[in-house]
Amino acid sequence: MTAEANSGGARRFLLSAQGWPYLLTPFIPLAIVLEVAHADAVLIFFVAALGIVPTAALMGLATEELAAKSGPGIGGLLNVTFGNAPELIIALIALNAGLQEVVKASIVGSIIGNILLVLGASMLVGGLKHQRQTFNPQAATIQATMLFLAAGALVMPAIFELVEGQGLPSPTAEAVDYDSTVENLSLAVAIVLIGTYLAGLWFSLRTHKDLFNPPYAEEHEEGFGWSVRRAVIYLFVAGIAVGLMSEVLVGSISEASESIGLSQFFVGVIVVAIVGNAAEHWVAILVAYKNKMDLAVNIAIGSSAQIALFVAPVLVIASFFIGVGPMPLVFNGFELGAILIAILVAQVITNDGESNWFEGVQLLALYAILGIAFFYA
Amino acid sequence: MTAEANSGGARRFLLSAQGWPYLLTPFIPLAIVLEVAHADAVLIFFVAALGIVPTAALMGLATEELAAKSGPGIGGLLNVTFGNAPELIIALIALNAGLQEVVKASIVGSIIGNILLVLGASMLVGGLKHQRQTFNPQAATIQATMLFLAAGALVMPAIFELVEGQGLPSPTAEAVDYDSTVENLSLAVAIVLIGTYLAGLWFSLRTHKDLFNPPYAEEHEEGFGWSVRRAVIYLFVAGIAVGLMSEVLVGSISEASESIGLSQFFVGVIVVAIVGNAAEHWVAILVAYKNKMDLAVNIAIGSSAQIALFVAPVLVIASFFIGVGPMPLVFNGFELGAILIAILVAQVITNDGESNWFEGVQLLALYAILGIAFFYA
Amino acid sequence: MTAEANSGGARRFLLSAQGWPYLLTPFIPLAIVLEVAHADAVLIFFVAALGIVPTAALMGLATEELAAKSGPGIGGLLNVTFGNAPELIIALIALNAGLQEVVKASIVGSIIGNILLVLGASMLVGGLKHQRQTFNPQAATIQATMLFLAAGALVMPAIFELVEGQGLPSPTAEAVDYDSTVENLSLAVAIVLIGTYLAGLWFSLRTHKDLFNPPYAEEHEEGFGWSVRRAVIYLFVAGIAVGLMSEVLVGSISEASESIGLSQFFVGVIVVAIVGNAAEHWVAILVAYKNKMDLAVNIAIGSSAQIALFVAPVLVIASFFIGVGPMPLVFNGFELGAILIAILVAQVITNDGESNWFEGVQLLALYAILGIAFFYA
């Protein structure tokens, strides 16, 4: 990875828990070659999906190196801000391509994926090794409460459409043209969410920072010691690479999903939602195995709160400037049901500050049930 | 306020946290003058709304003076019973005028206003001064559970209408004529709610009274020492004044809301819901600032539980005798979504017995989101 | 009951808290006589309902005797597996008769009956004797979480029908013919539920058995000392008797409900759901009175979790082989509302590990409210 590292160190890094994503690096040029050669869409789609994993991992690594150089305050801010940058980039490119229903599906998929798949796998893997794991319920509760706030925000536009408008979108739609009332409603709600998100940053980085473990900090006590300049360049390059892979991925979604016989909705809510998070998910499971449940819960629940309170409203605002027109946060019935159930479960699971393997199984089972329903949608 | 008080004491009282509502007293005669002079409806509406504040505050004060003379048992009963009397009087007069959708909107507005606006402002103001505030989660949980019971009661008639009847009312309706089945269903549910409310009084005033702080008691250890006779007369006069102001307010709602361009639904759920509670809201914020969070939570959650379990069913029963006919508790989609989200949030926020300023911000943000949705309804 | 028992011991047993169900034994032959004589359907229905009570009680007793002989591991498994056998037998026979809406109503009725009626009565009776009762909130939380998982599973097929299909079934339907997509969806969900249930057995009987009290064990430390052979024979005979009574009961449902003027839905959700559990319900109230709240909560919440995660999916799978065709888990609006409210309440009530008489009243009041809504459905 780095010039200084001798070949033995590089091999060791690549085979470590942190390094494996970079083994997928060859998929990046391969995706570009296939795209240029107009290969089969299904092939392009999966190669590009694999290619996103190392670019997202590199973004995460560069962010941490930069954060390590910036002191806890700014460092925490950087970590939090760029934490979901890959998802945001993928969604922005899909939005620009007019795939609004895929974008909304990937928002929902990220929220439920973090709560059910990531936290479930963490609790299962951690619980198989440790009889009983504990974490600070207070920090978890604050984040679970943010999800309830988000629930209100994500549900009200749908209620508006049910009461006054044209009903909820069909899961098979690509993009729906709404009237301007619900677009304005969504915009206003998005602004309130971002304001609350900023207040939450102030809270967790300033007035009550002792409540939260600095994410990842424990895992990288030493880091690689990159210079600020190097970290910024890597962050920039990784961002470009995420964008490039996303272009290829998004360009092949329609044809690929048709060929495999899956709906674009399913591809968005399950596949797209997983690839941008893959590296991060792995970290959560790893720290759970090491019995650092506070960190695992923080990654999973914090990440889904960030998607709901920051990524989703940014996408709504962006939709006024790019793509096929404003995208109000009107979710379809499956998405609404899934979000509400997942948020309730997040609260129930975190509120006692304890976990065991069976709680993990239950979360994974719920993810499977939602996945089955999405498959038939 | 009182003849004994010398002019300096009166000035001090009026400028105190408890006394400011009485500064609005001049709006009472002004509202009457404007009403008689057939002034602009918008002007009448806002002057009458301001005029309700001191009358409601006087009802509260007279109740406490009477309670102080009656010993803890009867005193607690008086406090609880007359605690939401202004809201009840306003709603009865609107019911009599046939504005059933405004009445239901004001019920919902009182429930979510207490949980989100009052508790949110209390937690924000208290949390800005104190790093971390605590309260007894047990008493709060009992009241939050009452809200879940209420949720079942407030949702079932709507489910009935969705499954068997004519659907939910439109937010723009004034009053809807339902068939007698759902009217009987609502009546039966109302009777169960009132029975549970009475059992709850027995519980909190008799068998488990140590669980609850006597509301307000700490704030008025001395009081003004009114005689029972004086307190009863003031209570009676204040009740008449609330009724008078409500008549003026209700009489101007239709025209005023049309002139401003707001729906009657919005006026009912936001404006009407706030004016009857203004004095009480202020007390909750004040005690939170003084770090008496038990009392603040008790006022906010207890008040919304009382609206749901006592005021709402009393209005259903009253509707069989006054106004345009029985008013079943069939809420519109916005109201149902708002109640359910608010009740869930109340449980999540209170269940750990701790609060901080960011929890306050989150509650206020949710109130803003609901308000935005109501505005566009 | 047993040949060894002298007549005095038998009388004492029959009049004890455990023995009273056997006083209803004469209703078993009476039901058969009335059935053969083609008596009035209403009479047959109620006599058969009373006749089920002793047969279900005998199944419970024989299971415990068998479990006592089998050591804690297998014994626990037997207790859990046969714990809801009577309900399962009744439902299978109704399924075979084509009464799918009655079957689904009885599933819902068992879930809400355990949470609201059984736990409510236990908390009320226990709380009237003891000021404050405590139980282990951890075990209760694990079971409440299972109910949230079940909520997801029970709601998704309904969302599918609302979004893509023909809407929810009417409460007055007898059986609805769904298209094969929702049938496959329900089958897949049922398989996930059963898998989770089996994992839960492994959890509670193997890896974390210290978390749970062995159900009933404390009540029957000595038991009757039946031989394995005798216990198996009694279990077998009791199972046959439950089936026989169920045949008579199910055969009279249509005509009886019409004669009394109740819907089949109401009969299924209230009456059928109660009779199969009557003996068990009594035990829960009894142990609550003796201040063993852990056991009471375990019976009530554990039983409803078992219905949702085991009995319901087994019935779905069975419907592919018997009766009028596959029965997907598409519930009507009343059933969905009732399940969701009851599950939320179960979590709120159990999560603090304390109870008092007023919590019992609240649960019973909610059961009454749901019952009123079902009555008017």
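Labels for the chains are A, B and C, by order of writing; each one numbers its residues from 1.
Here is the rule we go by: a residue touches a chain if its C-beta (ideal position, glycine included) is under 8 Å from a C-beta of that chain, and two chains touch if they have at least 3 such contacts.
Bear in mind the structure is a predicted one, so any value in this text is a computation, not a measurement.
Matching the C-alpha atoms of chain A with those of chain B calls for a turn of 120 degrees, to the nearest 5. At the interface between chain A and chain C, two copies of one sequence, fewer than half of the residue numbers in use appear on both sides, so the contact is built from largely different positions. Computed centre separation for the pair chain A/chain C is 41 angstrom, with centres defined by C-alpha atoms.
Along chain C, residues 344, 351 each make contact with two or more other chains. Within the complex formed with chain A, the chain C residues making contact are 137-138, 141-142, 144-146, 148-149, 151-153, 155-157, 159-160, 162-164, 181-182, 184-185, 188-189, 192-193, 195-196, 199-200, 203, 207-208, 344, 347, 351.
Residues of chain B touching chain A in their complex: 131, 168, 170-171, 332-334, 337, 341, 344-345, 348-349, 351-352, 354, 356-359, 361-362, 365-366, 368-370, 372-373, 376-377.
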